[in-house]
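Both complexes shown next keep subunit A, but they swap its partner, so subunit B is in the first and subunit C is in the second.
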Partner chain A sequence: MKLYLKFIAIQLKSQMQYKASFFMTAVGQFLISFSAFLGVYFMLSRFHSVKGFELPEILICFSVVLTSFAISECFVRGFDVFPRLIQSGNLDRILLRPRNEVFQVLTSNIEFTRFGRLLQALLMLVYAVPASGIVWSFDKIMTVVLMIIGGIAVFSSLFVLYAGISFFTVEGIEFMNIFTDGTKEFGKYPVSIYGKGILKFYTYVVPIALFQYYPFLYLVGRSDSIGLIFLPLLGFLFMIPCYCFFRFGLRRYKSTGS
Partner chain B sequence: MIELKNISKTFKVAQRSAGFSEAVKALFKKEYTYVNALRDVSFTVQDGEMVGYIGPNGAGKSSTVKVMSGILTPDSGECIIDGLTPWKSRKEHVKNIGVVFGQRSQLWWDVPVIDSFELLRDIYKVDESGYKKTLSALTEQLNIGDIIKTPVRQLSLGQRMRCEIAASLLHSPKILFLDEPTIGLDAVSKIAVRDFIKTLNRENGTTVILTTHDMQDIEALTERILLIGKGRILLDGTLSQLKNRHSTHKTLTVDYIGEKLPEAENMTVVKDMGGHAEIVIDTSLISVSQAVAQISASVELKDISVTGESVDETVVSLYKEFNI
Partner chain C sequence: MKKYLSFFRIRFIAGLQYRAAAWGGIATQFAWGFLTILMYRAFYETSADSFPMTFSALSTYIWLQQALLAMFMFWYFDNEIFEGITSGTIAYELCRPCNLYSMWFVKNMAVRLSRAVLRCVPILLVAAFLPDPYGISLPQSFEAGALFLISVILGFLVLVSLSMLVYISAFYTISTQGIRMLATSVMEFLCGAVIPIPFFPVVLQRVMYVLPFASVQSTPFLIYTGYINGIEALHSIGLQAIWLVLLMTAGILLMKCSLRKIVVQGG
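And then the complex of A and B:
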């Protein structure tokens, strides 16, 4: 853990070497998410509700997804840009050091500019919470926290899966973005609005409904079963196959020439 | 001790011909060829030895180094280094080795060198007193005291290479792999790097395995040479053995007073301009001193120089001989 903090320090120092670039990227990240927020906002100021969900409710859902996505992209960035690590040969360097591979991939790239996005997500939450009319109690706060934690687990697993695939393709493959960025886009609204099929897909295949939809039902008072609060923790189960796949790829790894 | 037994590794390489239509075809159906990167590679290196590993591009040098450093898992064969199999006990094994890739950096690009060193200290769990001692010794020997506070991206290649070498020795490894450590360096840096490696080997007894295309590196550093070509170990011997085996021919360049050199047995005059001549002799038939005695018996010598084949030429003829 101490070593992790040292890696964070060196990454921060590196990124601060290019201050202008750093802050502009952070601001850019903020603006991109902000425009997505405006999209939702204008849509709902016209239609008032989508499948019975109103703006503040949807914003809570959106901000939870965005928060967990931003945090994952910041700290699990190493897996997100993993193809670069293979191509540059830096994975060889990682294998030459007497530390866990996953730990080293995590510390190879920490993207602090994603705080711009995180800030936007938190602002949205701050706006939506009082507007939603939810009576905030301990269990509801718990629900939001667990939703975010579960979200981080699922998004991180997706990045790890993506990294595992790039062992076989070397190039990162664009289609995986359907699952990472696409999931973030889908996650703007409670996934049930897309219909039963999509809901099933996002429950059993890419389990974002586990942290984004079911506990959300409890949060906004559409369901009373208290068990839904803990559903996001199942997201951690998704890590297992993704991690195994990554290990499988690592065993088959052949490094680039010279 | 490093022991390799019958190591083999095959890579699958996608092939396609040039042209757009071929590229489209390759999208759907790929043709593969199998490249035998390593075939039955076996050798042993004792502790404290310094070995030069040579061979043309793509011969399998880097693959062997990667197998020995645990990055690459071979298809078959055994490799035991100080009792460990590199790809099985990776973490244990890499604590004992240092690796320098001439073409790749292991330092963090945007921060001062010393920051990278300190992070490496923590990665390798080197204790503070040991680290201080090693660091001061390395900064002195490699003469990097002035530059370790500079960000890596602002260093020249020669400065960076010296820092790279220091970085891979911070944990005092028993074995050092150098993959083209002098590539792209100027004469001064090259000599500095060579001197350092020599001292390291002599004083700390570090086992050094060096791959290079620079034959002067080999001449300056190593006694023993391993030649690899097309994935096979072709030769294992000393540098002088190699030279002798290949060049029994020596060229004598003589300046003399007189008109013309007389013909003599076992000596071929390749060039004679009256006063200056080049003669090639075969040392298996006539020794240099005999030849000189014969020449000086017939003409008055002003100057004489003897040149053998250069190491580069030896290597070229070796490559030719083995058809690689």
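And then the complex of A and C:
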């Protein structure tokens, strides 16, 4: 843990060497998320509600997804750019060192500019929390916190899975974007609006609904079953197959030789 | 002219080589388009009266957008050009007996077109066979189809001349990551890539319509679906042409300015 903090400090220092570029990128991140927010805002100001969900409720949903995505992208970025490690042969160096590989990949790249995106997510939350009319008792606050934690677990697993696949393809495969970027994009709205089939897919195959939709129902008072609060924790189960796949790929790894 | 044609050909053929990547892209864009249409369906089912166009027109718009994504996505930039500026290899290009603006313009066109050619046919084919309100339909009329062809070419040229401005900005800033992100987010939003322009509030629509960004993908797609028709379509095509001339002139002048006082990075 101490070593990890040290790595964070080093990464932060090195990124701060290019201050102008750093802040421009962070601002860019903020603006990209902000335009997504404006898209939702304009759609809702035209239609007022979608499948019974109103703007503040949707913004809570959007904010949870964006927060967990931004945090995962910041700290698990090493897996997101993992194909580069393979292509450049730097993975060989990592394997030679007497430390856990996952730990080293995690610390190889920490992307602090993602705080621009996080800021946008938090702003939406600040707006939506009073506007939604939810009575913020202890259990509701717990729900939001667990939703975010569950979200981080699922997004991180997806990045690890993506890295695992790139052992076989060397290049990152574009199709995984539909799960990572796509989830961030389409997770703006509660996934139930896409229809039953998609909801099932997002529950059993890629468990996004576990942290985004079911606890959300409890949060906005559509459901009373208290068990829904803890559903996001199941997202951690998703880590197991993804991690196993990564180990499997690592065992079969052949260096690209460059 | 001949040398630019061969630049175009080289880049175009090189772009056609990445077929496996194209299949991945096709699958992604298809899933993306599918989910987007489902999202609009939810809004349509909530309140069909607030929908600015028919649902099948919207599906057509989305499929066109996905099929021609490689042509119209703003965030794709040729890294070779940026690297050339930061590393100093641009000096070689300056020695060549050809106009830098035209050369970059042609190269960009070729890369984008080759990617779009590989991807658009399968996407359009599958989309054509989807059941009625979810698939892509034929253009509203024969004239709409013809005007769409003119408009899509103009839109493409406007987009390339917009991205040229970003390339030129690299002469001044060296590190372009920030500018690229800023430009991309503004551009994507105002050209109707986040939500189509007819979904914006009416007041904003009027402003957006006269900005150059609407001339990129919104105008051709809306002509195809018949949302813009008749004399209005001719007007918007005229507007596209005006923007194209203005943006290209601006780009050429800026390029001249920056080349006059360029300092080549050693290295």
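Keep this in mind: the second predicted complex is superposed on the first by the 257 of 258 C-alpha atoms of A that agree within 3 Å, B and C clash if a C-alpha of one lies under 4 Å from a C-alpha of the other, contacts with A are read in each partner's own complex, and residues count from 1 in each chain.
Methods note: a contact is a pair of C-beta atoms (placed from the backbone, for glycine too) under 8 Å apart; a residue touches a chain by one contact, two chains touch by 3 or more.
Keep in mind the model is a prediction, meaning the values are calculated, not measured.
Trainee: Could you look at A:P241 and tell me whether it touches subunit B, subunit C, both or neither (first, second, both, neither)?
Mentor: neither
Trainee: In the overlaid three-chain picture, which partner chain does A:Y189 touch, first (subunit B) or second (subunit C), both, or neither?
Mentor: The answer is second: A:Y189 touches subunit C but not subunit B.
Trainee: Which chain, subunit B or subunit C, is in touch with more residues of subunit A?
Mentor: Subunit A has more residues touched by C than by the other partner.
Trainee: Kindly classify A:V27 by the partners it touches after superposition: subunit B alone (first), subunit C alone (second), both, or neither?
Mentor: second
Trainee: In the overlaid three-chain picture, which partner chain does A:I178 touch, first (subunit B) or second (subunit C), both, or neither?
Mentor: After superposing on A, A:I178 lies in contact with subunit C but is clear of subunit B.
Trainee: Is A:L96 contacted by the first partner subunit B, the second partner subunit C, both or neither?
Mentor: The first partner, subunit B, only.
Trainee: Touching A:G221 in the superposition: subunit B (first), subunit C (second), both, neither?
Mentor: A:G221: touches no partner chain.
Trainee: Identify the overlap between the subunit B-contacting and the subunit C-contacting residues of subunit A.
Mentor: The overlap between the subunit B and subunit C interfaces on subunit A comprises residues 18.
Trainee: Which residues of subunit A touch subunit C in their complex?
Mentor: Residues of subunit A touching subunit C: 18, 20-21, 23-25, 27-29, 31-32, 34-36, 38-39, 42-43, 45-51, 171, 173-175, 177-178, 182, 186, 189, 193-195, 198.
Trainee: Under the touch definition given earlier, write down the residues of subunit A that touch subunit B in their complex.
Mentor: It is residues 2-3, 6-7, 10, 13-15, 17-18, 88-90, 92-93, 95-100, 251, 254-255, 257-258 of subunit A that touch subunit B.
Trainee: Across the complex, what residues on subunit C touch subunit A?
Mentor: Where subunit C meets subunit A, its residues are 21, 24-25, 27-28, 31-32, 35, 38-39, 41-43, 45-47, 50, 175, 177-182, 184-186, 188-189, 194-195, 199-201, 204.
Trainee: Under the touch definition given earlier, write down the residues of subunit B that touch subunit A in their complex.
Mentor: It comes out as residues 11, 62, 66, 69-73, 90-92, 94-95, 97, 99, 101, 103-104, 106, 108-111, 115-116, 118-119, 122-125, 151.
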